[in-house]
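The following blocks contain the structures, represented as structure tokens.
Next, two complexes with chain A in common: one pairs it with chain B, the other with chain C.
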Partner chain A sequence: MIWQLDLSVLTLIVICAFATIMVKDLLSAAIIFGAYSFLMCLLWTEMGAVDVAFTEASVGAGVSTVLFIAAVYQTSRTVKPRKSGRGLAKIFALLATLLTGLVLLIAEADFPGFADLSSPASLHVSPYYITQTLHDTNVPNMVTSVLADYRGYDTMLETVVIFTAGLAVIAILRRYKKDQPFTPPEPYILSKGYPDTIIRFVARQLVPFIQLFALYVVAHGHHSPGGGFQGGVILGASFILLAISYDFKTVLGIMNEKWNVLLGNLGVLIYAGIGFLCLGLGANFLDYSILSKVLPATDRVMARSHGMLGIEIGVAIAVMAIVISIYLNVVSRGKYDKGL
Partner chain B sequence: MTAVVILLTLAGLIFFSATTIGILRFPDFYSRMHAAGKGDTLSSLFMLLALVLYNFHEINLGNLLVAMKILLIVVFIFMASPTATHAITDAGYESGVKPWTKKPEEESP
Partner chain C sequence: MDSFFIGTGVALCLLMLLTLHRAIRGPTAIDRIMGLNVIGTKTTILLVIIGTIYHRVDMFVDIALAYALLNFIVAIAASRYFQHRKNLNPKGYGFRYRSEGEK
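For the complex of A and B:
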């Protein structure tokens, strides 16, 4: 913790947060929000939470900015000026915000300091995870082992939440009728759609490396920051890059709707299936050490490591499919005919 | 070694500040993009090279791997950053942003 760096990053974060609310142009707001996410990522790196920072960089600054821009592209770029006469509501909102802020400030006084060894959080359970992870699971990155093993239920249901979000987007946006043709909203001057050779060439060269890196992030999550969520998002982002630099149909040719939904299902199924496999072999749900009975040449410690790898792969597949599916639905208004 | 690191970092900082001044001071969209694209890429190269050298206290496999990864980042920045600048400039051209000219009668933003 270098407090000068912290202070400057926090100041910039507050400025970005205000700018996101104040700016009338929604496209600018989306981009400033991306900058906000990236600053949060810096802050987390500085606090030593590299896994969280990685997730923030890939999800917050990367994919969600693209999703916001896709949503702006399909709706409206400017905020409609609100009618006046909402004074009471505004005063009430201000009072509520001030009250919450006051309560938070009061609570902040009782907080333990950063990395305080005598705080309750670092007295009871976390010393066990910090000291015993390597012995228990043979995984050096304790974030991965806590995420995928010690609290495997929680992560499984997080994957289910992402899957449900994808299903909700499909259920709300997807339209099968081809009644009205696609008309882009007014304030846009769309590109004439001629193929830009430079962008296409570079994107074509980059996509394999991005996907390779994503696989590395998934597979190397045991030893370095990363894991299923980050790797899956990066895999999805590579397809989004293809969709932006080429066109919509190219991605649909590689990953059509059926495959997307199928892979999203498959990922969650892999996760839950490993859990049920453990259950079937006579241990608790998601207790990977029992997998040493079916995996060749593994003891109970290595089996936990391999089990984590299995569920990380499942998470990556599910997240990739859901990210692509959300992007395709948002950008084409659920018609899958034409998009950004 | 330390002197080289300091030198490279300083060079990177100089180019970064030149980029910032260019973005703020240049008259129109295209020249601003020109400043952003070139200066950013070059100063990233200097900064990352400084990081590579700073990392080499001693030569072993771990340090070499980290250096390789940082150099790979340099390669990707050199591919992606000019392309992104090109894409933004191209989009600006297609949506009809007028370039700045030196004629006094034309009121250009």
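For the complex of A and C:
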């Protein structure tokens, strides 16, 4: 925690937050919100929460702003002006906000300070995680071990939440009816041939490296920030880059809808399957140490490390498939014919 | 040496304020996209600088790499938006609602 950087980044964040709410053009609001996400990532990094910062970086830079732009593209860019004569409601809202802020400020006084050693969170379980992680699981990055091993249940249900979100988007938006034949929009006619040679070339050259980096993030999550979620988002972002720089059909050619949904299922299934495998071998659900019975040449400690890698791979597959299918559904209004 | 890096970081934050002004005030959305891109570049540098201050660059450089690889997707997506919906500089899209007279 460096107060000079803290102060400057927080000031920028507050400015960004106000501008995002105030601006009336929704596309600009999405873009300023992207800047907000960059600054949030800086704040997390500066507080030392490197894994959280990595999640914010991959989601904010790769996916969320693009999803907002896709939603604006398919809906409307303007905000309807409010009817006048809502003065009373505005005053009431202001009072409610101020009151809530006041209550939160009063509650904040009772909070322990930043990195306070005598706070309850630092006294109860944290010392165990900090001192015993390497001994228990042989994983240097204790965030990964807490996330995937000690708190494996929570992470499994988080993956299920992401999966459910993808299912909900498909259920709401996807339309199978072939009502009108595909007519290319005007820009395609105007710029027939290969209009975006530079962008297409750069994207084509860059996508393999992005995917390699994503695989590194998944596999190296034991030693450095990262893991299944971040790696999966980066993998999904590489497909989104292909869908934007080329067109919709390119991505569908690589990853069609059926495979996409199947992969989303498979990821959650890998996670739960490893849990049930532990159960079947006679240990608790998601107690990876029992996997040493089936994995060759691993003791009980390394088995926990390998089990974590297995569930990280499951999370990565699920998140990648869900990110791709959410983007494809939002950008084409569920028709899967053309996108951005 | 740490104070040097902290000073560099604060200076970059101040420069980011100028870019943020373009991103927020920018008359057209293209200015905003440019502002966002420059903020992303500065974020990449600042992440490495923070890593240097904490003496653990190896932990922080991955995040910087992720930004370096993914930063431009938003710019391409927003540009595609304008390729399809040609409305670069509409009136009343700033901080005011569109008034009745201007269409």
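Definition applied: the second predicted complex is superposed on the first by the 323 of 340 C-alpha atoms of A that agree within 3 Å, B and C clash if a C-alpha of one lies under 4 Å from a C-alpha of the other, contacts with A are read in each partner's own complex, and residues count from 1 in each chain.
In this section, a residue touches a chain if its C-beta (ideal position, glycine included) is under 8 Å from a C-beta of that chain, and two chains touch if they have at least 3 such contacts.
The shown structure was predicted, so the numbers you read here are calculated from the model rather than taken from an experiment.
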Partner chain in contact with A:Pro81 - chain B first, chain C second, else both or neither: second
Touched partner set for A:Glu46, first chain B, second chain C, both or neither: second
Partner chain(s) touched by A:Leu206 [first = chain B, second = chain C, both, neither]: both
Touched partner set for A:Leu286, first chain B, second chain C, both or neither: neither
Touched partner set for A:Ile198, first chain B, second chain C, both or neither: first
First, second, both or neither for A:Ile15, with chain B first and chain C second: second
First (chain B), second (chain C), both or neither touched by A:Val139: neither
Which superposed partner A:Met320 touches (first chain B, second chain C, both, neither): neither
Partner contacting more residues of chain A (chain B vs chain C): C
Residues of chain A at both interfaces, chain B in one complex, chain C in the other: 199, 203, 206, 209
Interfacial residue positions of chain B with respect to chain A in the complex: 76, 79-80, 83, 86-87, 90-91, 94-96
Residues of chain A defined as touching chain B within the complex: 189, 191-192, 196, 198-199, 202-203, 205-206, 209
In the complex with chain A, residue positions of chain C that touch it: 6, 9-10, 13-14, 16-17, 20, 23-24, 26, 29, 32-33, 35-36, 39-40, 43, 46-47, 50-51, 53-54, 58-60, 62-63, 65-67, 69-71, 73-74, 76-78, 80-81, 83-85, 87, 90, 92-98
Chain A residues touching chain C - in the complex, by the definition given at the top: 2, 4-5, 8-9, 11-12, 15-16, 19, 22-25, 27-28, 31-32, 34-35, 38-39, 41-42, 45-46, 48, 50, 53-54, 57-58, 61-62, 65-66, 69-70, 72-73, 77-79, 81, 185, 187, 199, 203, 206, 209-210, 213, 217, 220, 224-226, 230, 234, 237, 240-241, 244-245, 340
